[in-house]
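Below, each structure is written out as structure tokens.
Below, chain A partners chain B and then partners chain C, in two separate complexes.
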Partner chain A sequence: MSRCILKTEGIRKNFGGVVAVKDFSFEIDEGQIIAIIGPNGAGKTTIFNLVSKIYELDAGKISLCGADITKKSQIEVARMGISRTFQNARLFTGLSVLDNVRVALDFAGKYSLIEAMLLLPRRWKTERETTRRAMDCLELLNLDRYAGQRPANLPYGIQRRVEIARALVSNPKVLMLDEPAAGLNPEELFQLMDFLREIRAKYPQLAMLIIEHRMDLVMSISDYIYVQDFGETIAQGVACEIQNDPLVLKAYLGEEE
Partner chain B sequence: MSLQLLISGISLGSVYALIAVGFAIVFSVLKFSNFAHGGMISACAYIGYYFQRSFPSTPPIYVTILFSALCGVALSFLVDFIAYRRLRAKQAPNIYYFLASITVSIAIVQILSVFYGNNLYAYPAIFESTTFFIGSIRFSTIDTLILLVSLAMLAVLIYLIDKTRVGLAIRAVAINAQTSKLMGINSGFIIVAVFAIAGVLAGVSGVLLGLKYSIYPTLGSQMMLKGFIASVIGGLGSLSGAIAAAIILGVVEIFLTYYLGSLSTPIILFGVMLVFLAVRPEGIAGRFAKDKV
Partner chain C sequence: MSNYQLSLIMLACISVISVSGVFAMTSLAGMFSLGQAAYMSICAYLTFCLAKYLDLPVMLTAVVGLAASGLVALIISLPALKLRRDYFALLSVGFGEMISSIVILLGKWTNASIGFSRIPKVDNLVLVILGITALVLFMVRNLKRSRFGRMCIALKTDEIAAKSFGIDVYRLKIKIYVIASMIAAVAGICYGLRNRVISPDAFDWSLSAEMQILLFFGGTNSLTGSVISAAALKILPEFLKGVSFFGVSLQDCKTIIYCALIIVIINFRTKGIMGEHELSLAPLVKLARKAGARRAKESK
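Up next, the complex of A and B:
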């Protein structure tokens, strides 16, 4: 039996009079890939922002591995193993690719400022370990040759992958990818699908939550799909059920005569 | 003669660098110019002075520097607690930090004036001779001490920023505090670390300035202005730019003072800053400091 990792119960967010997310409930198990799809403005990214605590919930409950995390802060939630990417690759522009990934291991580091000043062995050990983990992760995503470069000088598709490496390096329980395929050309999209499969093979326990518009990606890798429209879940199911759901077609294609 | 001037200039510039870096590091993380830094330098100069005086025999200078640095950290935390903490909690616009930091700086100067008046105090002499010779070249003992201590401090600081996890976290928060939080970086701790570093720098530079000049309540504010010029010319928020600019500034100042006198020198220095702002406002380092919330 696989274990439930992340669960939301009736989470809700209003912006002024607009209900961005209305009572969204879902759960994701160990090793599962779930996609959230829906037209622009359906509240998909808001769900991510609620789970990663950028926004406060107006109602509902979120739990991680059975523990209630509704009241936790962004920092706590990140440290507990929920990591994410953004629609517009928010990399640290002034840092090298390697440092961008190493940053995400900061909280796993185990030496203090005092130890660093006295050059104690734990500083060297920790820094070596951090660099090794970051390099492993860059290798997995075939990014190791960019390690010393600044992200701003790299093609957009590479930047998106660096962001995935950064989200993955701390060995999270849940990886949330916000439109990982947006802005990618067809070749890059293929590569992305391959990398997602490799990530799945390397981290069999990792639960992945993906917001995506590219249906070829969604249909080929997700185990289960939620369809959002105007903040509400209008359909859910496995890929073939969703593809033929009349409500989904209506939301995507508009009212048909 | 010009070699001595050069050493003296680099020595002065390295103190400006300590000040500029203390200023720049707070700017890079918190995005405001911490003018309270000048007041803190003055306060630390007095602390060092009284520490030197309070023992029957003058303690070694490194003990005084260490003590002053610790007091600088305490003072830095106190200023943050009194002036900035609530602004942060309210996510106040930068203009309020600016006002708070200037107010704190003036308050510290006034407190020092009330207690010590506007008299000049001089640190007790710590060396038997004010100069020493290497071969036939004469060096100023104090300038050399200042140079060595400052360069050591800067080296430690660069190591800390470039080679440790705290430094990496500071750089990340400086670039984007919001994204850093999602990486699990405790930005609250980073702010504490940054104020601690600024405090150490204020403490050390206070004592070094005290050794070089006589101390008076506005000493720190005046010197901070030079550090501020350096951090602007260096590119606000860029540590290496600030260090380079500070050392150049020190050398230029010493040479100008020697050839033109101390009255007209500041006019030229501030003139250079105005030219820089007009021609290259992004500084030597070449990147605009961005205010991100």
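Up next, the complex of A and C:
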């Protein structure tokens, strides 16, 4: 039996009169890949923002490895091992690709401000370790040759991959990918699928939660799928069940005349 | 070197120290403050007044002054850094004015607007100040290249994304603000030692604004750029002394010239002269190595 990593029970978020997420419940086990799909405005990104605590919950409960994290702050949740990417690649433009990845390890860096300013030994040791881990992660995603470049100068597909590297480097328990394939061309999409498989092979414990529109990606890699529409879960199941669900077809294609 | 030249070098050094503090705060962590001169004031007054009235060595009172500046910075930053950036900048102006008023209120000891001039003379002051400048620059450079520098640039670009990588934005800002203020305090001590007189006017908001201007002129994200501009623009007016147009010395037009420069920079080079580039010796070293390799080949 694999262990349940992340679990939400009836989480809800209203924006004024609009119910963005209505009583969403799900759980994800170690090593599982779960996809959340649904048309625009279905509240998918809001779910991510609730889990990563960028938004406060209006109701419901979130637990990580059995511990209640409903009241934790955004920073605490991130430090506990819930990592995410953003819909529009929010890379730190002032930092190089390598630094973008290193910065995700920096909150736990083992040297103080004084040690940093006086270049004391612990600073060197920690920096070497940080750089090594970041480079390993860049190599995994085949990004090592871009290490010294600024993300703004790179093609969009590469930027999205840098973002995945940044979220992955701290060895999180849960990796949440918000539309990783958005804006990618077919070739880049295939590469992305390969990389996701490689990540899965390298981190067998990692639970992945993916929001995606591209059905080919969702159907090929996810173990379980939730379909959202207007904040509600209208269907859930494995890929072949979802593909033939009449409610899903209706939400995506509109009603039959 | 003549005393005048030495005095110019010290002037440039003091400017460099204060601007490198502002660099840590504004360029790295994105906090825009117009009150950094207040920390120069706090530290200078504490150091020299304590030295005078308690008859203690300046070395000792300087430590007290530095610690006190750090403490004041900590107390101010706890509430102030919860504010949005623009309100923080506004508040810093108020803080600067407050410190000036306190200095005047304590006129019995500080001599109010007339200025406090019982500052001991230090031998070889140029060397001392040059040493301090080198040390401060070394520390700020290391800060930029450490995990703190990276986290600062991350939080400056995107606070929400920074938080989602576990960066405690609020605490980091406080740390940087305290360090930046203590660097300003160091500049305050040097200022006092060089000028041998300190007055509240010397540390008013225009000095804080000047630091920001020098920083932006040199390059918003370039330590070397802002250091060069801090030194060059600070001593430039001294050379304009003799130059006059229509009977008006250019030195009196300092503010006008600064403002004109800023307008030009803002319009044509939004990130300052150097932008994000740092001058380094690496290309020179590379060139030397290449030349060495070529020579080795030829000799074969």
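To be clear about the criterion, the second predicted complex is superposed on the first by the 255 of 257 C-alpha atoms of A that agree within 3 Å, B and C clash if a C-alpha of one lies under 4 Å from a C-alpha of the other, contacts with A are read in each partner's own complex, and residues count from 1 in each chain.
In the analysis below, a contact is a pair of C-beta atoms (placed from the backbone, for glycine too) under 8 Å apart; a residue touches a chain by one contact, two chains touch by 3 or more.
Since we're looking at a predicted model, the values are computed, not measured.
Asker: Based on the shared chain A superposition, would you classify chain B and chain C as clashing or fitting together?
Answerer: After superposition on chain A, chain B vs chain C: clash.
Asker: Between chain B (first) and chain C (second), which, if any, makes contact with A:Leu95: first, second, both or neither?
Answerer: both
Asker: So, does A:Arg166 touch the first partner chain B, the second partner chain C, both, or neither?
Answerer: Once the two structures are laid over each other on A, A:Arg166 reaches both partners.
Asker: Does the superposition put A:Phe15 against chain B (first), chain C (second), both, or neither?
Answerer: A:Phe15 sits against neither chain B nor chain C.
Asker: Based on the superposed arrangement, let me know which partner A:Leu118 touches: chain B (first), chain C (second), both, or neither?
Answerer: Second partner only, chain C.
Asker: Of the partners chain B and chain C, which touch A:Phe107 in the superposed model: first, second, both, neither?
Answerer: A:Phe107 contacts both chain B and chain C.
Asker: After the superposition on A, what does A:Arg84 contact: first (chain B), second (chain C), both or neither?
Answerer: both
Asker: Quick one: is A:Phe190 in contact with chain B, with chain C, with both, or with neither? Answer first, second, both or neither.
Answerer: After superposing on A, A:Phe190 lies clear of both chain B and chain C.
Asker: Could you tell me which stretches of chain A are touched by chain B in one complex and by chain C in the other?
Answerer: Residues common to the chain A contacts of chain C and of chain B are 52, 54, 74-75, 78-79, 83-84, 86, 90, 92-95, 99, 102-104, 106-107, 109, 111, 113, 116-117, 123, 126-127, 130, 166, 170, listed in rising order.
Asker: For chain A, which residues count as touching chain C in their complex?
Answerer: 52, 54, 74-75, 78-79, 83-84, 86, 90, 92-95, 99, 102-104, 106-109, 111, 113, 116-119, 123, 126-127, 130, 166, 170
Asker: Where on chain B is chain A touching in the complex?
Answerer: It is residues 156, 160, 163-166, 168-169, 171-172, 174-176, 178-187, 193 of chain B that touch chain A.
Asker: Considering the complex alone, what residue numbers of chain C touch chain A?
Answerer: Per the touch definition, chain C meets chain A at residues 139-140, 142-143, 146-151, 153-154, 156-158, 160-169, 175, 179, 221, 276.
Asker: In the complex, go through chain A and note every residue touching chain B.
Answerer: Residue positions touching the partner: 52, 54, 74-75, 78-79, 83-84, 86, 90, 92-95, 99, 102-104, 106-107, 109, 111, 113, 116-117, 123, 126-127, 130, 166, 170.
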